[in-house]
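Chains here go by letter, A, B and C, matching the order in which they are written, and residues are numbered from 1 within each.
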Amino acid sequence: MASEFHRGVVKALHDGALRGHLRRAMDSLMEKRQALFPDVDELESLRRRCMQIRAHALANLPDLLEQLEQRCSENGIQVHWAETTEQANDLVYEILQRHGVKQLVKGKSMVSEEMGLNHYLEARGIECLESDLGEFIIQLAGETPSHIVMPALHKSKQEIAELFHEKFPDIPYTDDVDELTAAARAILREKFEQAEAGLSGVNFLVAETGTLCLVENEGNGRMSTTVPPLHIAVTGIEKVVEKLADVPPLLSLLPRSATGQRITTYFNMISGPRKPDEKDGPTEVHLVLLDNGRSRIYADEELQATLRCIRCGACINHCPVYTRLGGHAYGTVYPGPIGSILEPQKEGLDRLGELAEASTLCGACAEVCPVRIPIPQLLNRLRWESVRQDGDDETKGQGGRRKATQAGLWQAWASLASHPALYRIAVGSASRFRRLLPQQLGPWTRVRKAPQIAEKPLRQLIEQEDKRDE
Amino acid sequence: MPSETRPEGVYFYATCLVDLFYPQVGLAGMALLKREGLKVIFPGDQTCCGQPAYNAGYREQARQVAAAQLDLFAKDHPIVVPSGSCAGMMKHHYPALFAGTERHSQALAVADRVWELTAFLTDVLQIELQDLGDPLKVALHTSCSTRREMGAAHAGEALLAQLDGVELVQQDHKTECCGFGGTFAVKQPEISAAMVEDKTRSLRLAGAELVVSQDCGCLMNIGGALEFQKEDRSQAEGPATQHIAEFLWERTRGQ
Amino acid sequence: MSEARHRILQRLRRVERPSGDEELTRSVDRHPWNRDEKIERFSTRMSEVRAEVHLTTKDTWAADLTAILLNKGVRNMVYAPDKPDGSQLATALNAAKIDSVPYAQSIEAWKSELFQQMDAGFTGCRGAIAETGSLILWADEAEPRLLSLVPPIHCVLLQADQIHSTFAEAIEAQGWTQEGMPTNALLISGPSKSADIAQVLAYGVHGPKSLVVMVVQ
């Protein structure tokens, strides 16, 4: 029975061009990252610190969120809370409506993808224009991002050139990257100038000072949050850190882990709307804090580690499964290893638990995570949650993947393997009747020869040897 | 148990794959240890470490089987395992598996003594190997668990470096998973197939005549794929595969 | 949506705090670099991302920058009239027949002019960071944010003795927490860029295409 994920997998694996492209892109990102971490001890020490900063913030989350709200409000930032994406969309729409906004320019925000904000607003007559170059490209193509940091990763230069030419026929066809970039700059510059409102995400929220921190390379984030008179920031409730002093270590690890850059071109720290005598900047700044299942994840001490994530994408870049599938096959907002632990918990194990199984638990992700999320351990935990019957429904969709036949098989195996005498007989029989073992073992033998059971199992050989030695 | 202390005896936990599919690996592993003057105890009641059920999410069943293994190691000897994957299960997951149960301290005690075989040979025994074999190009596929869970990638490389006749070739994407992942190969066969095909291509390109590994799971996967490719696609070229214990034993006995 | 706020906080508060959490020990990372080393490192980092760094002096920087701008064919330059550096530069520019345009009104009054007609913008800065090659800018009434963003060329005056080794050191030395954060604090580490098109690096995406830093020794 093919699931949607399975269909996505098969499609992706057959796309030779995509696979070659992904392989080269991931190799390049891994190399760039590696080059900026020459000192292993220093890297490990920094990872530990960043883990502690995030874990500490999570341990104090409700207090820090209140402190953040307090500081933000004192500074003039209006703070809103949304339990669900519906509520978040309504909030954003309401603010835009109040200002009569018809055109919204967007900096990059994965949370806004989670909200499906663009579709929601467009259905209500508000145009949403992506300004991050990668997001701009996929918006033109009518697609969703395939990577949390580089949304248009799956597209080749030629595909982008054709897309531009199709959408902007006045601009002569070019596949020169500088020319394509210049074209995008010109188009979006006009939009920045005219936009009535700008929307952004947030990378870090600082409770101590009520500050929104944003990283970016292009300048579209600054444009979206500075030029229009209205700025709305949307982010998850888990993004808060306690003190300003917590920011430098995180900023030190985030760009290097994400794209192998020492630092992004801009690091923007917003602590309020335009002050009375200032000449530019938004006159109104809003912050929408979204829950959408995070508080439920928060409730589990082990799974809470999922929320440490600073959305760098390093796990995605190092994942052998993602390298072969790309982001779209996952069918989720967040793909790759982080997606495989986050999405099933947000959307339910009954719906997305399969993602937690689509991993060999190789551990490449955990090795590079800047905040030391033990991803393989959490994947394993989710596999248990998917089939267990003895829980209290703490994890969404708990037990939703349990199948009686599989459970029965594992119980039979357990009964056998916990009784040595029985196991000995079973193994002995397997050896004796090994020639009856089918050589076609379904999918395994489509690309491999079947393993051969030994003529005599080890325990028998040892017993014979021991007898000989006596 | 401090790593510098040389024990008198060790338990040998062969693993279920070795028992059923690769018994020669078990004999070779035990022989290597015996040759170093250790008493090697093979607990006859060993079955499986429980990892297959554990990774499938069936923790109750895994615990049931793991509990039976815990009782095999009454004496305070190191437990040597010719598999990074099974060693990892026992060392890193048994404590969590038995947390909050009456066997927790027993699990911790056992976990503390578990060693992956190649790491035991280099770090504890400081084994010295004399290569009696013919020149050979060998690639080492260090399993993900040996590398990342057991931190023992250095051991396999160090052991092969001691063999004068062995030229260690480096395959591209050396640290990338081969795609076995136990139940993953069955549950996500297409992705697994794509991964093993890439891995076998890398190994071929490296010019290896033989691929050795610390883990029989990986060998079943990589070896099975190489064999299939030789027959099905008339690709006569392609390395053979062997567990590193068996390889070391043969090379140092002139076979 | 205070109902949502209440419910979210209530759900979070129901969770027992982990026993292991103590106060974080926070340290300030810094490097033992002297002034020259900091200048050197800052310049190297900046040059790596195609920023232009020019070493100059207190007396000659305005003339030096004017020469650079003439060379680039710049017709005008926006600056903050209430800052002494800006005024100093304006004098030098005017002598070279480059229009100096004061950013004296709110953006609403002249947005299209700023966007469409200004070639370059000039700001001071609040120091820099050597480790990452970053300028520190705090926007205020005198020096608006868009000065360093909209015109395609951004010129900055940096005092060499205000270069810190790390970001953490700058925050501590400059007393950010004590002073309170401005509406907008910014680290600028080069001209605008992107690698979103087939991972090929391209400069001048939405922010300035050129960054010119005058370092006064």
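Just so it is clear, a residue touches a chain if its C-beta (ideal position, glycine included) is under 8 Å from a C-beta of that chain, and two chains touch if they have at least 3 such contacts.
Please read these numbers as outputs of a predicted model, since none were measured by experiment.
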Centre-most chain [mean C-alpha coordinates]: A
Chain of greatest Cα-centre distance to subunit B: C
Intercentroid distance (Cα basis), subunit C paired with subunit B, Å: 54
Subunit A and subunit B: spacing of chain centres that average the CA atoms, whole Å: 32
Residues on subunit B engaged by subunit A in the complex (per definition of touch): 14, 16, 18-23, 26-27, 30, 42, 44-48, 50, 52-62, 64-65, 67-68, 144-145, 147-149, 175-177, 179-198, 220-221, 224-225, 227-228, 231
Contacting residues of subunit C [partner subunit A, same complex]: 1-2, 4-5, 7-9, 11-15, 17-18, 21, 24, 26, 28-29, 45, 49, 103-108, 111-112, 115-116, 132-134, 139-141, 144-146, 149, 166-168, 171-172, 176-177, 180-200, 202-208
Contacting residues of subunit A [partner subunit B, same complex]: 6, 9-10, 13, 19, 320-321, 324-325, 357-364, 366-367, 380, 383-388, 401, 406-407, 410-411, 413-420, 423, 427, 430-431, 442-454, 456-459, 461-463, 465
List of subunit A residues in touch with subunit C within their complex: 25, 28, 52-53, 55-56, 59-62, 65-66, 75, 80-83, 87, 91, 131-134, 137, 150-153, 155-157, 160, 177-178, 180-182, 184-185, 188-189, 192-193, 208-211, 217-220, 222-223, 226-227, 229, 237, 242-249, 251-252, 259, 262-275, 277-281, 289, 291, 295-296, 298-299, 301
